[in-house]
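Below, each structure is written out as C-alpha cells.
Next come two complexes, and both contain chain A; in the first it sits with chain B, in the second with chain C.
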Partner chain A sequence: MGYSLHFGAIWASFDRLLSGLAIGLGLAIAAVLIGTFLGLLAAFASVGPSRLGRLIAGSYVMMIRNLPLLVLVLLVYFALPQAGIRLDKYESFIGALALYSGAYLTEVFRAGLLSVPKGVVEAGRAIGLTRFQTGIWVTAPVMLRNALPSLGNTFISMFKDSSIAAAIAIPELTFEARKINVDTFRVVETWLVASGLYVAACFAIASFLRSLERRFPKF
Partner chain B sequence: MQVFLDQVWTARWPLWDGFLLTIEIAAAAIACGTVLGCIVGIQLVFAPTLVRFPFRVYVDVMRGTPLLVLILAAFYIPSVAGLNLSATQAGILALTLFAGAHIGELLRGSLQAIPPGQAEAARSIGLTFPQMLAYVLLPQALRSALPPWINTGVELIKGSSLLSMIGVGELLLKTQEVIGRTFMTIEFYVFAGCLYLITNILLDQVGKTVERYAGGRS
Partner chain C sequence: MTETLHPLLEIRGLRKQFGTVEVLKGVDLALNKREVVSIIGSSGSGKTTLLRCVNLLEEFQGGDIVLDGETIGYRISKGRRYRIRDRDLSRQRSMTGMVFQSFNLFPHLTAAGNVMLGLRKVRRLGRDEARAIAEAWLGRVGLAQRGDHYPSQLSGGQQQRVAIARALAMDPKLVLLDEVTSALDPELVQEVLNTVKSIADDGATLLIVTHEMRFARDVSNRVVFMEQGQIVEDGPPAEIFGNPRSQRLAEFLRNTRT
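Then we have the complex of A and B:
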C-alpha cells in the first residue's frame, strides 16, 4: 500500500494519448464508412426477393456476430499473407473492423428498412420511379433517418473496439497507455486517464449524435 | 488437410484445455456479473438519488470504456493496491465488472418497462418491498431480460479472447502457441474461429429454447 497519485508522468506524454485517441477515431470512422456500404448491401439482400441473397446476408451476420473481433483481426493480419494477400497493419485492421461493423450495421439497416412505411414506397412507385430509383431516393433516406440512433450506437461501440488494434501494434490510445504504464509504472493514473479519455470521447460522440437526431426530425 | 488434422490431433489437449478455460472464465464472469448486475439494476431503479449516483457513474464508465482497457487495468492495478491476482483472476474480475454494468443496465430497462400498476397492486395487497421484488417485479423483469442476458453471455465468450493479451491460456492463446509451432496460421485461426462460432451459436439456441419454455412477455 502507500500508493500516492502522481499524474505528472501522464501529462508529460498526454499528447501521445491524444494522438492515439485520434488514430482510434480515424480507424473507427474508416471502418464504419466501409461497413455502412457492406451493411446496406447485406440489408437490402436480406429483405430482398432472392433466396440466395437472404442466405448469404444471413450467414454473414451470424458468422461475424458470433466471432470474437480479436480472432478476426489476427486472421486478417497474420493469416492472409499466407494466402498471398499482404496488407499493412492499418489496412488490415480497418478491413477487419469494417467486416465486423458491417454485420452489426446489417441488422441496424434491416430494422430500418422494415420500419419504412409501405405507403411511402408505393407512392414512389406510383409516380413512376423504377424499383432501383425508389430504393435510392425514397427508401434509403427514410431508412437512414430511422436507423440513425442505432447507427450512432454501433459507431460508438466500433470506436471502443478500435482499442483491439493494440494487439497488432497500431499506436492507438490503448497501445500508448500500455506503453506509458510500462515505462513509468504510474499504473492507476495511466488507466484512469485512458479510461477517462475513452468515456469522454464516447460521451462527446453520443451528444453530437443526439443533436444530429434533433436536427433531422424523425419521419 | 491431412497434415492439418494430424496437427490438430497432436495439439488436442492444449486446445481442449484452452477451450475449457474459455468456457470456465465466461461462466464465472456471467455468474458473478449477474449477481452484481441484479444489485446494480435494482439500485438504479429504486435507490434514492444520492445512492443511485455512484451506481450510475459505475455503469456509464464501464459502458464507455473498451473491454480491453478494463482487462489491462484489472491486470495491472490490483498489484499496486497490494492484491495478488493471477492473470486469470484479473481477467474474470474485468469481465465481471463489464458484465455487471451491462446486466444492471438491461435489468433497469426491463424493470422500468413493467407497468406501474403491478407495483401498486403489490403494495395494496400489503407486500413488503423485498416481497414485491421477489414475487412480482423480478419474475417479470427477468423474463423480458432473458434474450439480452444470453447476448451478454455471447459477448463474454467473445470478450474472453482478449484475455490472451494478458497471458491467460485460453483458447486463443493456446491456438497462437500451436501456430507458433506449426506455422499453419490460416488453418488454426479458422479452427479456433469455428470453435467460438459453434459455442456461441449453441448458446444462442439454448437461449431461444429457454425463452420459449419461459413463455413470452406477460
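Then we have the complex of A and C:
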C-alpha cells in the first residue's frame, strides 16, 4: 500500500501557514528583544563588582536553564493568573520565551564580556569615562561584536522554540499545521510544508545575521 | 618661580600593596609644569604601578598624590581614608592622559572615533567640534590620512600614535607614558619616540616609564631610577647616566647597555 502525495489541500490553506509563520516570527522577535535586555543586564551583573548582582544573575540562569521551555510556558500561562497577574496567551508566551532566551543570552553575553581586553576597558576609564559610560560606549559594543556569531545561533533557536506556543493554542505555524493535518489528513504533506517553511525562515535569519557580521569591522 | 613652589604633580610617601607584597614602599616624586621626567629601572621595580596609581587605575594604601593642588583618589574623613566616588575619580582621571604599552585602542571605533570618544562623552563637545579637534591631533601625530581607518588596519606604530593623539586631545595637565614602545617591532619604535619628543618640545608635562635609555637621556629634564618599590636616584640625565652614585644604578646601566 503506497502513500501518494497530494499537496492541493495544503496549498489551499497555505495562507494560514504563512500567517502562522508571521506570528511565530513576531513572538520570537518580541521575546528576543526583551530577552536581550534581560541577558545584557544579567551578564553585566554576573561579571560586576556586586556580590548580590552576581548571585541574582547566577540563580536566574541556573533556574531557567534547568527548566524545559514547555514547562516554563505552562507555568507562566497557568500559574501567574492564580497570583493575580492576568496576561493573555500572547503576553504570557512572550514573557516565558523572553525569560528563557534571556538566560541563554546571559551566557552568550557573559562570554562576550570576558573576551573584551582589560586594557581596552582601562583605556576608557583613563580618558575619564565613568564606569557606566565605559560599559555603554566601550565594553558593550566590543562585546556585541565578539558575541555576534553565537548570538545568531541563539536567535535561530528562539525562533524555532516559538513552535512551543502551539501548546497554549496560539495560532502560529506548528498550531496551524496541526489543524490542517487534522482537517485534511494529509499528514506527510502538511509537515513537509511546515518543515520547509521553518528551514526557509531560519535560513533567512541566518543570512541576515551573517550580513551583520560582515558589516561590522573585525577586530 | 611660583611654578617651582607649587609642583604640578606631587607624590608623597606613596605606598601600594598587592596582597602582602609591597610594590611601592614610600615614593616621593614631584614634577613641575612642562617638565619631562623618565623613570627607569628593572621589571618589577614598581615603575608601571606608580604611573597607574597617578592615573587612579590602581588603589593605593598610603601617601598622597596631589595634582595641580588637588589631592586625588581619596578623601580623609574622621582620620580615615576613603576612595572617592566613581564620578569624581573619572573627573580627576580626565586631568591626566595615559598611553599604554599595548595601545589599547577601542577596536570598534576608527582612529578619529578613538580620539573623539572622550571629547564627546567626557568633555561633552558637539560632534563637529570633536571631529575638528580629533583631525587636528591626528595630523599632529602624522596620521591625517588615517582618520577613517580602524585600529586593525593600522600598524603598531600608527596605533600607538593614535593612542597618543587620544590622550592629548583631552588637553590633560599631565601625560603618563607607560613603556609606549615595548610592544612595537624595532623598525616602528623611532616614529613613536619622535612623536613623544615633539610633544615634549611643545611644552607638555610628561612622566615616562621607559626601557629606551637613549631616549630617556635625550628627552628628559630629569631621570628617576627605581628599584624594589623605591626611588634610588633622581637627577639630570647627564648625572644619572654619566655619574651614577649608587652601586645599584651603576649595575643596572651596565646590564642595559647594548
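Everything that follows uses one rule, which is that the second predicted complex is superposed on the first by the 219 of 219 C-alpha atoms of A that agree within 3 Å, B and C clash if a C-alpha of one lies under 4 Å from a C-alpha of the other, contacts with A are read in each partner's own complex, and residues count from 1 in each chain.
One rule holds in what follows: contacts are C-beta pairs under 8 Å (C-beta built on N, C-alpha and C of every residue); 3 or more make two chains touch, one makes a residue touch a chain.
Because the structure is predicted, anything quoted here is derived from the model rather than measured.
Residue contacts after overlaying the shared chain place A:Pro49 against neither chain B nor chain C. Judged by the number of chain A residues each one touches, B leads among chain B and chain C. By the document's definition of touching, of the two partners only chain C reaches A:Pro117; chain B does not. Shared-chain residue A:Ala79: touches chain B; no touch with chain C. Once the two complexes are overlaid on the shared chain, A:Arg145 sits against chain C while remaining clear of chain B.
The residues of chain A lying in touch with chain C in their complex are 117, 119-120, 122-131, 133, 137-138, 141-142, 145, 216-219.
Chain A makes touch with chain B in their complex at residues 1, 3, 62-63, 65-72, 74-75, 78-80, 82-83, 160-164, 166-167, 174, 177-178, 181, 187-188, 191, 194-195, 198-199, 202-203. Across the complex, chain A is touched by residues 60-61, 64-70, 72-73, 76-77, 79-82, 154, 157-162, 164-165, 172, 176, 179, 185-186, 189-190, 192-193, 196-197, 200-201, 204 of chain B. Contact residues of chain C toward chain A in the complex are 55, 57, 86-87, 90-91, 93-94, 96-98, 100, 102, 104-108, 117-118, 121-122, 150-152, 163, 166-167, 170.
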